[in-house]
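The following pair of complexes shares a single chain, chain A, combined with chain B in the former and chain C in the latter.
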Partner chain A sequence: MGELVIEQMVNGIIAGSVYALVAAGMTMIFGVLRAINFAHGEYYMLGTFSAWFVITRLDVPYIAAIALAIVITVAIAAVVGRLVMQRLVTAPFQSGVLATLGLSLILQNAIILSFGGTYKIFPGGWLEPVMFLDISLAEQRIVIVAATIVVFMALEFMVRRTRMGKAIRAVSQNTECCQVNGIDVERVVLGTFMLGTGLAALSGVLTGPINVTIYGGMGEAITLKTFAVIVMGGMGNVRGTLLAGWLLGIAESFVAGFIGLQYRDAVGFVILIAILMIRPTGFFSLKARF
Partner chain B sequence: MIGQAISRYISPSLAVGILLSVLSSLPALAQSDSTIRVGIVSPNTGAAARYGTFAWRGAQLSRDEINAAGGILGKELELFQGDSQCIPTEGVSALQRMIAQDKVSFVIGDVCSSVTLAMQPIVENAKVLLINAASSNPDITYKAGVDGYKWSFRNYPTDENRASVVLKYAAQQKKITKYAVLSVDSDYGRGAINLTKKYLDEFKVEITSEDYYKDKEADFRPVLAKIRRSGAQAIIMYGLADTTPIVARQMVEAGLAGKVILIGSAEFNNPEAIKAAPTALNGAVEAAAWMPEWDNPRNKAFIDAYRQKYNGETPNVHAYAYWETLSLLAEAAKQAKSTDKDDIRKVLSTITYDGVMGRVSFDDHNQANLPMILFEIVDGKSAIKGTFSTQIKYPSR
Partner chain C sequence: MANDASSLATTEVTRAVAPPRSARWLAVPLLAALLGAPFYLDTYYLHAIIISMIFLLPAHGLNLIVGYTGMLSLAQGAFFGIGAYVSALMAVHFGTPFYVNFALAGAVTALIALPLGIPALRLRTYSFVMCTLGFVVIGEAVVKNWVSLTRGDMGVSGVPNPLLSFGGTGFSVTTITGYYYLYLVVALAMTGLFYALIASPAGRCMIAIRDNETLAESLGISTWSYKLLVFTISAAFAGFGGSLYAHYLTTVSPLTFQMYYSTTILIIVLGGGAGTIRGVVVGSVVFVAISEALRVAPESRMIIYGFVLLVLVFWQPKGLAPLFDRGLALLRMGRR
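Moving on, here comes the complex of A and B:
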């Protein structure tokens, strides 16, 4: 029993790392735009599909496919950011909801039209099982957790120490003030959007090998879970996002392992409702940042 | 000058007039009785998109064969595609669109039992003939024929006997006593497990855990960890083919491959799944309505024609089922000497048809008496272990 508890915690941290990587970008985009990016899971999907494409059609090795997938996704995001996201700076928040929901449909269906609606098997990855605390795991899962920790350390450094990070924080706190003080808000929005979608793509391409199959609608489920994570972590709070992601992952693993797999997807929503009732600012913020 | 003036005034009105008359004649043309309009409902996107793609290809092949042979009583067959996404509400709206806009008289669909169950009352009201080709939940024909829906037929075996045959084989041939359940959370998955549970005492076996996955689930590690420690020797899975590679590969990773086998039905013989995790699928036992290895001359001709049309791809069970069912519809029309849906419906209930799987006729619940094949994956290949009848003894009313 004790061993099973530890194993489920390990499973939860792995699943949670995937959520956290996707959620980090979504929460930063929310910070600068005050808009929930409902299409965020689609960039996770685009990352996985780009990697699948370059591996199966161009015979690129997996490690290079990781880099290429991020480049391709960020390039698409740059176009979307320039055409849509930058315009949301001055738009009312309803526009953000409509625009990103619309983008989600367009991106999903563009992939279904180009590659068909069937599932594809993702090749590549490091799938050799290794023993860790008497638990048999694919190396890929350890890579995911390690990558997540490195990414969050880098994000923390960027947000605190770099000019770009300071600009992101400034825009998050007060957009008008930034405009008055000569911070190019639109550029900060575009930069944040590209960074956030790049993280989603990284998460997708790292998860591809262990989720085995990929398809056009795969981003939808992750968007919903990510939504629970960013509310739990405190909207716009990067550090809280990692802890919230792990917490959701562990809670899901316990429910799937001890109660039943069919209740797993309910966990995120139950937590979401509970937080909105008890602590709407999230677990890790003293007060709302807006 | 005058001519110019006249043409300036007349030609726009003439153009509008021509346009109007063309437009008004279009629907008339489209709805003329020169073709037989058949709706094909299948999941083309979403979690069961693999099934829908195969189903649609099978139906197209059958249409081309029928039309190349001169159509049905001189009329060409015309297909309309509807995407159910394996979601009942989506299937029903696709069906209603076909009935209202495309004016179909016949519908073949859906793959997913939950969708078919939702479509049955709609076709009954619209008096459109539904021939299901690929759903296995027993309720579909319990509710049809003498006990209900007059316009629903099923040309596919039901799960009624499948559950007991699979369990019997695993218990008696493989000597397995402890089973974990991991099936899809749908009318099909839960229905098959409920039928399995009826036979636990008879074969002296037990179920150690019971889990149902959502159709888009991708992380089975928590459940596999539990199963590994529960001592179960087999996983009963009535699931979706696209999930099989995920579960199989995660079984390899969790150290279950070679120790725990999969039994039930989820296309364990899909070559792509076997390639993704050969050790996990070795020894898997499945009961299916059809398989490519089935020895029958018409089956060989079907597979050859399919491969020729679709770049060498081997058909799956849904391609076969839709292809066969559309051919059955054409045969019924020929025997009825009519393309009227009511005439064809009457012929269907008495027809005897030489299909790939044997001689087919429908019982008083509009259920075809088709056999199922039991097979086991041995070294990456399917080995046929026998066939069994799926004929049902309905409870007396």
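Moving on, here comes the complex of A and C:
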């Protein structure tokens, strides 16, 4: 029993790390744009597909595929950011919902049209088993957790210490004031968007070998889970996102292990609705930031 | 805040209530064309029109939320699915006539929506959007897992054809022409009901809430009860649509809870023009009937929907309705 609990915890933290990596970008984009990005999971999908493409068609090794996938996704995101996201700075909230919903439809179905709607096998990755706390885990899973911790440390440093990070925080607090003070809000939005989509792509490439099968519609489920994570973490709160991601991962893993696998995907939304009702600022914010 | 919520809807109250005069002279030939359709249209095109009439009902419901109270809901897909299941289960287990299934589908859906609306309507803007999306995901999980009732992933198949019985005599609608006339009557009746609702004093209160919630409240309109009423009625409309869907396609499965349905309903309303009845009718014809008739592959259709959404957001926020009106005005001038 005890062993099973530890196993579920570890599995939960691994799944939660994936959610946290994707959600970090979404929560930062929400911070600067006040828009929920319904297309965020699609960049996770694009990351996985780019890696799959360069590995199977161009025979690139997995480690190089990680870098290439991020570059390809961020390049696509740069175009999208320029044409769509920057326009949302002054737009009402519905525009953000509808425009990103539209982007999600375009990206998802463009991939299905170009590569077919069937499931594909993701090659590569580090799948040698290692023992950790008496549980046998693929190396890839440990890489995911390690990468997540490193990324969040770097994000924390960036947000607190660098010029770009300070600009992001400033825009999150008051867009008009930033415009008055000469901060180029549109550039900050584009930068944040590219950074966030890059993280989603990283998460996608790293989980590719674990998910094994990939398909064009895979981003939607991730987008939905990410909503729960960003609301739990407090929208716009980067630090809270990591804890919220892990919490969701662990909760899902316990529900899957002890109640039933089929209920796993609804856990996030039950938590989401409960938090929206009871504590809309999230678990980890001392006060409402917005 | 209340004002930005109306940016996607027409703000002129009179236009929202009554169609422009130019549309009225069109009604008679349009009705004649619809009634005569089975005599000159191929069955495939009749099928396309039937599908668009099925989607018209949940779209009316969403229009009530978006166009007349200014909230954005993604839950229509869930209520559509619930209505489809209610109808299918009634017909399969009890063999009840069509109108009983249809009425029950709407009533049960409204009963489910009422308690969901109480907490959800406390939320605003994107929190409300995410919460309504949550209803779809949770609805799908319930339908997939309540196997004893819904048969889970297998779905309910073999839903009988709509049975119409009056007193002792009864007959089933089996031909596509039969379906066409039955659904046309239902669609016209529901559109009429929707019009009556909007034109009623309650409808005017809803428009007042959309245009300025604080002002409406200060004038003694109980905004909270009206919003709950709107949410419940819109769910009932979605349930009615689900009933038509179940009887036409004869199978219902958890796939009904996919985002595809919520997105299509959203596109019809926003693409057609939220806050106008003719906009939603035009929207269901353009985005469902025409794409169905042209046999556009689902993936290409979704990509087109995506671009339509982007165009709507940035260039044509009022949807097709203003273009439609301009077209009508031109036609009328040409006639003179």
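Throughout what follows, the second predicted complex is superposed on the first by the 290 of 290 C-alpha atoms of A that agree within 3 Å, B and C clash if a C-alpha of one lies under 4 Å from a C-alpha of the other, contacts with A are read in each partner's own complex, and residues count from 1 in each chain.
Here is the rule we go by: a contact is a pair of C-beta atoms (placed from the backbone, for glycine too) under 8 Å apart; a residue touches a chain by one contact, two chains touch by 3 or more.
Note that the structure is predicted; figures quoted are calculated from it, not measured.
Novice: Putting chain B and chain C on the same copy of chain A, do they fit or clash?
Specialist: On the shared chain A, the partners clash.
Novice: Check the residue A:Thr118 against both partner chains and state whether it touches chain B (first), chain C (second), both, or neither.
Specialist: first
Novice: Looking at the overlay, what does A:Val84 touch: chain B (first), chain C (second), both, or neither?
Specialist: second
Novice: In the superposed arrangement, does A:Ser104 touch chain B (first), chain C (second), both or neither?
Specialist: After superposition on chain A, A:Ser104 lies in contact with chain C alone.
Novice: Is A:Ala75 touching anything from chain B or chain C once the two structures are fitted on A? First, second, both or neither.
Specialist: Neither chain B nor chain C is touched by A:Ala75.
Novice: Of the two partner chains, chain B (first) and chain C (second), which one does A:Ile273 touch, if any: first, second, both, or neither?
Specialist: Only chain C; A:Ile273 stays clear of chain B.
Novice: What is the contact status of A:Ile149 with respect to chain B (first) and chain C (second): first, second, both, or neither?
Specialist: Touch partners of A:Ile149: none, neither chain B nor chain C.
Novice: Looking at the overlay, does A:Val5 come into contact with chain B only (first), chain C only (second), both, or neither?
Specialist: After superposition on chain A, A:Val5 lies in contact with neither partner.
Novice: Now for A:Pro92: first (chain B), second (chain C), both, or neither, which partner does it touch?
Specialist: After superposition on chain A, A:Pro92 lies in contact with chain C alone.
Novice: Regarding the shared-chain residue A:Leu261, is it in contact with chain B (first), chain C (second), both, or neither?
Specialist: A:Leu261: touches chain B, not chain C.
Novice: For chain A, give the residues common to its interface with chain B and its interface with chain C.
Specialist: Touching chain B in the first complex and chain C in the second, residues 112, 117, 220, 260, 262, 265 of chain A appear in both lists.
Novice: So in the complex, which bits of chain A are touching chain B?
Specialist: 3-4, 7-8, 11-12, 14-15, 112, 116-119, 121, 127, 129, 135-138, 210-213, 215-218, 220-221, 252-254, 256-258, 260-262, 264-265
Novice: With touch defined as at the start, can you tell me which chain B residues reach chain A in the complex?
Specialist: Spelled out, the residues of chain B in touch with chain A are 44-46, 49-50, 52-53, 182, 185, 210-214, 216-223, 225-226, 229, 242-243, 245-246, 249-250, 252-255, 272, 275-276.
Novice: Could you please specify the touching residues of chain A with respect to chain C in the complex?
Specialist: Residues in contact with chain C: 35-36, 84, 87, 91-99, 101-106, 108-110, 112-113, 117, 220, 224, 227, 231, 260, 262-263, 265-266, 268-270, 272-273, 276-277, 280.
Novice: Can you list the residues on chain C that touch chain A in the complex?
Specialist: 4-5, 7-8, 72, 119-120, 122-123, 125-127, 129-131, 133-134, 137-138, 140-142, 144-145, 259, 263, 266, 270, 299-300, 302-303, 305-310, 312-314
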